[in-house]
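Okay, so chain A shows up in both of these, paired with chain B first and chain C after.
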Partner chain A sequence: MPSIKKPPVAHPSLQPNTLGLSLRDYEGAMSTLCAGCGHDSVTAALVRTFFELNVAPHMVAKLSGIGCSSKTPTYFLTGAHGFNSAHGRMPALASGAAAANRDLTIVGISGDGDSLSIGLGQLCHALRRNVRMLYLIENNGVYGLTKGQFSASSDVGSRSKKGEKNLQRPIDPVLLGLSLGASFIARGFSGDKQQLVALLKAALSHRGFALVDVLSPCVTFNDHEGSTKSYKHTRAHRLTVVETDFVPPAQEVTAQQEPGTTLSVTLHDGSTVRLSRVPEDYDPRDRSKVFSWLEAHQHRGEIPTGLLFLDEAHGDMHQMASTVERRLHDLPFEELCPGSAALEAFQKDYH
Partner chain B sequence: MKPTDVSTPEYYHKVVDCQWACPAHTNVPEYIRLIAQGQYGDAYLLNRQSNVFPGILGRTCDRPCEPACRRTRVDGQPVAICRLKRVASDLREDISHGLPWPAKVKLGKRVACIGAGPASLTVANDLLPLGYDVTIFEKLPRPGGLMRTNIPAFRLPPKVLDEEIEMIVNLGAEMRYGSPVTSLAGLLKDGGFDAVFVGSGAPRGKELELPGRREGAANIHTGIDWLESVAFGHVTSIGERVLIIGVGNTAMDCCRTSRRLGGRDIKVMARKTRKYFKASEWELEDAEEEQVEIVVNHAPKSFVVENGRLRGMEFEKVEWKEDARGRLTSTTVGTVVLPCDDVILAIGQENAFPWIERELMAFDKWDMPVVDKVTFQCTHPGVFFGGDAAFGPLNIIWAVAHGHEAAISIHNHCQGIPVTERPAQGMKTVSQKMGIHQWSYSNDYNPSKRSKMTHVDLRERFKRLDIEVELGFTPEQFTREVERCLNCDVQTAFRDKLCIECDACVDICPLGCLTITPAEESEAALRERLTVPARNTSQALYVSEALPQTSRVMVKDEDLCVHCGLCAERCPTAAWEMEKFDLLLPYAGAVTGCQKP
Partner chain C sequence: MSGINNFAFKLANVNGTGSASANGLLMQAIFRMGIPVSGKNLFPSNIQGLPTWYEVRVNGEGHTARTPDFDLMVAMNAETYGRDIAEVVPGGYVLYDSTWPLDAQLKRADVTLLGVPFARLCTEHFAESRERILMKNIVYVGTLAALLDIDMATVHQMLEEKFERKPRLKDSNRKAIELGYRYAREHLDCELPFGLKAMDATADKILIDGNTATALGCLYAGATVAAWYPITPATSVMDAFKSLCQRFRRDPVTGKNRYAILQAEDELAAIGMVLGAAWAGARTFTSTAGPGVSLMGELLGLGYYAEVPAVVFDVQRTGPSTGMPTRTQQGDLLACAYASHGDTKHVLLFPCDPEECFYFAVKAFDLAERFQTPVFVLSDLDIGMNDWAVKRLKWDDSYQPDRGKVLSAAELDALKKYYRYWPENEDAVAARSLPGVSSKGAYFARGSGHNKYGGYTELPSEYQEVVDRLARKHRRAARAVPAPVIHRTPGARFGIVSLGGCDGAVREALGLLKQRGFLADYLRVRAFPFDERVEGFLSSHDVNFVVEQNRDGQLRTLLLAETSVEKRRLKSVRVYGGFPLSARDVVEGITAKLAAERQAEREAHQEE
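== the complex of A and B ==
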């Protein structure tokens, strides 16, 4: 069943970005995911994000593990670097890539299976290292690639397509990230691109590990009545905790700020995240407050979305490890590999 | 903005830009697909249903479809619709089985058609199979009207013309050649006709009354009369230096004909600049290819006649200024005399009805009969007009369209039904889905550029008057050209109740035609809110009912949709479906759908 390629025509009124690239230049191969998969919407949001942030495709590394989610890097940024790792091992690769070339924009795409089951340990440690990357979990609460078993993020009481109820408690990547000390935590929904693009832009501008959990319904195995991760259920129970606006570095923050409900956070690259309609009992900078607020609301079956927690003060992996300023591949061989004499001298310290 | 109503043909018809623009509403995408499948005869018959003269029009049509073609907006060049029609005509197999057949039972009603041009022939084509007796009066010895007299043989071979007229005459028309009608009152009184159709064209070339006109008359010709004389072999030569006055399509035929009759230095004289020329761009190009010079900003002043012989023409050189409202004003900057042997006047033509008694019907202030735009009936019941005779000079395809409508009126009139009671257009939509990624039309976008028509070598073509200049498309050319068609009749049909708002269609659409957005009161505001703002207001927006999950609406901007079907391919619930739209056009006595014959 071959599909045609997306016709190579674009709307004549669309303007290129500052690199002279069109939106279509940020696309990838035709998706082979099911028609209507939330992941394809996430892909479209990524395409728009990179286009609008004027990112040069060759300065991006796309990394993934195994699963439907992990196929998605193929569907955007054909001009970027990419590596498809073993199941759940994407965080290790991402750490390595970030260590070798600190100028790369690292994008890790994972799913609830890849990140919360087999790769849970990997996720936790990349997060502790505070690798500067976008870590995107396409969360659909089901093992879609193996035909619909419950995953580690399936909610208690959610029903499978055949009707069984899930009884095990889910792992919530947002609460997990909060408890492990993540410096940027957001949750989006594939069905709300406007919010998602703003979250992705902020995540890519954050210096550190940006965990973005995206509810991305599985249209084939988890979009039925009784599922808590269907399009319909997510729309009915979604709660936008904070409205997120991303303002690029050169642009002035002009929108009016209502005191008490609006909060602006300047990121390391000079861009600003403007959070509005923040509830009174909520503070996205206070980890314990966020934790209890989210827990209370999620307990009621609500699905809070938005930029939920942000800590710009925390140093990233390169800062903590005091690495060299330059990219490793720019270092001359003698510096990168000082020889056996230097190694011997170094090892003497351990005797 | 209210949800779009797609239950009547209007909305979908408008999406098919070519069919909407065609006065006869030819089902262009369907016949292009038939050509693609090698079914040339079927493509021919489908054309014939609506435009009656595919072979003739495939060479000479003014093609209103092409400027309207969506492909122009996508990649700058329309599909070569007109010349594909010629492909269907040239390559058709025996199609006699698909032609209308002579009536077995006669109705006993007699209809007179005045003039054997495209309008009258269309009326005859529609009425003869129903059992009417149709008599066609023609002043010339052969049928065809301006198709024979005004279109030179190097553009339209007489064989093509004869074949297509014969198809109609063979239905049993009584042809009265060499029989000009000299009195309509007489015909009505003594002819014994139940209805009369006037399709006598606009037979009078406009005159240019300037000093020297009478003295130089022997070498000053009226374009359409001169072309007619050439067509009938009465004129076989012209001087070496020829000036053509006017830049309409008749002027183009005059200059190119002159080129073949001995003209060496031929100038087409225009008062204004190219932007204001009446001739179609492609006819201008063809004339220029034949080394005809087109001279702009020259206004005729007088004919220069010496010793009773035309020596040249004097022109005023003018400059034009356009004001903010687009109005032109001219200033004369000098005069010039261009020597010449002959002048041909091609500055337009007009109607002339010296044979219609004015007391029979109302005439307007321009001395044109008052004709109803829908029924084509004048103020005398039972007398109908069509073609150039109705509203002044148009072109063949309009004459055909008028003929179909007039035939409906004549049928009504003869059956005692009010002529204002018009049969409605119908529609049929059929899903094109064949499999998960399979459609019964070629949905892949073909990036090829428009095929260029090849012409007979310049040295060859002037050897005889009737060497057809255009060679027609080669198989390589037309198999590529048919794939350029965007299949605009394969409509994106939307069922709002099925939509789960997953955004798959919005994300995949290559041209950003789709948006899911909160409903908006005004269309103008909605147009600005779309994925890509819809600024071409001549193209419609489709707006759905409120969607089930969020009560937002699905909006489609029709402007640049390439009908690739990816929205329907990526739709998990088949809320989007690709459906082929067939416009069912009413004809006299029957609703004949534009279906595959």
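== the complex of A and C ==
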């Protein structure tokens, strides 16, 4: 057996980031999902995103509901606290955690069943509250964990593995988010990591509720012929509306400006998203235009992806509640308790 | 017998006409005269147009539980004249609006009618139609001041304070009171066999409702995140918390809030927010009523199993289902004790009045964080929404919140490895770690099966080890919760056990029973899990009457399930129609049971 001495080339992913952490440090426990499950690719994209954004793992709080998708927070960022809550209730828990500690980077992981059926109300209201968080729906058009029932995102005409045809109209999280006033809306595909990482970086830099719908096929229950959420169908019908590039705060935006087709948006943390190949009749800052554009294209069976809508002007939950710019959970007790003299004085009104 | 500083009157109004402020004024005036007084607002679940009543009891000896015997009825709602007049005790009085003649059928030979043309007086003296309606109530305050000898200087002082910044309103209120007062003096015989005489029994007291006291407790305990969904009778907890925070929790430099109140989309979200905030380290609470508790079920189990501190104020109202939202009950004991599926058990506190609402609110946060579990404070509509005269609240400035065992970054660093549910301390509790502190403290909270290290498990032994510790933890909490209050009477033949807002009526009943020759010991349960003294008390009496306000005897059920006391020792006295308990309810309930027992014994003898 010939022995070839390989030169000691460090794998780029083992290069530390600015915190001195390697990609490994952003990984989690071994996944127990089915081999080939889209959700595992989303996890991989999250690992890379956090690594490249130089996020300190302990500053991240990972929350989820129940489902195969909601299991994934165990598979990334072992160094971050996680809360696998109850089916459909992650938005409320995330809202509470964000209220208590505004310094946390809140990541909510959900599924289409978790978010669009049992938790639809909570999704809508967390969005209205504009909780600063990444809200990620791993959308496979099916209930994976309960073995293959249609979910609310199943398209009309899509067939289940058993051959049943779905007749109810789907709830599309992107159109829903647009109509509810979401401030950041993107759609990605678990099969396109490069695009997904850029979208996730932008989402994490957004000050507000960043809704990211990721098509994430279920290989076991919804990857067959006749399903509109399969790898094959998604690849065939996917349309990249805008190319999204994420430029962190320190870096200069160098790309040449091509009028009409390129657009740069500066986020509150100083980073920039550069959107290129934007169609002439598309403006990701114009809610109603985006809505009708997407509706028309989706009607044709296309699956538009990219950073689809962005509104940096809207205040987040803390701004609307006018809270102090400090963590509420560990404010010193002296600043919270008015003391005995104040109680004495207060009770004058009750005599 | 009624007399000076010992009588009750009732005001029958139409809701939405502004009677609440007039009735509050009356209560407060009597309170300021130093006389023990209580007010019970019996209002409909409606915004405008339905009958509403307000009962005022004056009792120099300090018995301020509800009484069903009224010496005077202020009948301001023609629609309910019939039943209102029927409720007056023989020899009592009815004050009515004589603008219109009273139906002859309604008159009672044993009741004196006092007519004042309230509507006419208002039409003659006030121009605007809304004002005419509102001021009618204030006019009867003036008349009652004349009839009952309410100190007018006190009334005027109160108007000064109340309308300090609204001189126009102050003037019309003054005018209305004078109108009613003068009319009574000029046209009525004001010598009633009962009335008021200034005392000095309220100097160290305040007049406050339980929901405001609860909110004060939350403020003083240092709660920073509150989540809720509006529901009667809990809404005013959050209303009060908000106004307290606006006053005491603004950063003096930036003007920004040192609190966050999240109005959730429903109670599922409210408790979810509380769990999320608590997990992230905040002192946090929600306030709700029965329907909300039902909705919170699943997440309360999550809080229990994942060991997340949460404080839930359940201001109980009449169930089941929507029930009677504006009527009181103690119907949520079992629903809260075992809220959620699977083996769950919670810690419950039972305040008996607004004073305890304040102290128990603070205690609830300490217990929740020390034991890392949801803690319920169960008050009820009567305690929460009615004004009670209670001891002035005191605050010990040396108080420091018990945040439980929470590891700092340095403490985590010193550990070889951190495990969420191991090792346990003497409370059967393991140290928490919060997000945002150190990677070393990171763990995965979950409602799914887990072992003591916090890892997922489906192994029977690992699963049981954790849930067995939770049971142990619940038992340990019995030593930390407020102890039962025990009154012993030498020669007592039986025991009375009760809880919460029943207390005043039961204490009054003890005296009445004694007058009839029935001596009883009394234990007031103040929390669940039960202290060993509860079991000791129950087994030291052959008969214990468990007095409570629900149909099924929920406290009795809980006592039977959670102590080893025999069923035969616990008899049940239950009052659950929705009105606050009266001493008469208790006395009649107990004496009827005792009589039935004697009868049964006699029959048994005869058969022998």
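Convention: the second predicted complex is superposed on the first by the 320 of 351 C-alpha atoms of A that agree within 3 Å, B and C clash if a C-alpha of one lies under 4 Å from a C-alpha of the other, contacts with A are read in each partner's own complex, and residues count from 1 in each chain.
Here is the rule we go by: contacts are C-beta pairs under 8 Å (C-beta built on N, C-alpha and C of every residue); 3 or more make two chains touch, one makes a residue touch a chain.
As the structure is a prediction and not an experimental result, all values here were calculated from the model.
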| item | value |
| --- | --- |
| Contacts of A:37 with chain B and chain C, given as first, second, both or neither | first |
| Touching partner for A:76 - first (chain B), second (chain C), both, neither | neither |
| Which superposed partner A:309 touches (first chain B, second chain C, both, neither) | neither |
| Touched partner set for A:143, first chain B, second chain C, both or neither | neither |
| Touching partner for A:219 - first (chain B), second (chain C), both, neither | first |
| Superposed model, chain A: greater residue contact from chain B or chain C | C |
| Which superposed partner A:190 touches (first chain B, second chain C, both, neither) | first |
| First (chain B), second (chain C), both or neither touched by A:231 | first |
| List of chain A residues in touch with chain C within their complex | 56-61, 63, 73-74, 78-86, 89, 91-101, 103-104, 121-122, 124-125, 129, 318, 321-325, 327-331, 333, 335-340, 342-343, 346-347, 350-351 |
| Chain A-facing residues of chain C, complex | 31-32, 202, 205-208, 216, 219-225, 227, 248-249, 251, 254, 256-262, 264-266, 268-284, 298-299, 302, 306, 392-397, 399-401, 433-439, 441-448, 456 |
| Complex contacts: residues of chain A adjacent to chain B | 1-14, 24, 34-38, 40-41, 43-44, 190-191, 193, 217, 219-220, 223, 231-232, 235 |
| Residues of chain B defined as touching chain A within the complex | 73-75, 435-438, 443-445, 447, 500-504, 506-508, 510-512, 532-533, 535, 549-550, 560, 562, 564, 566, 569-573 |
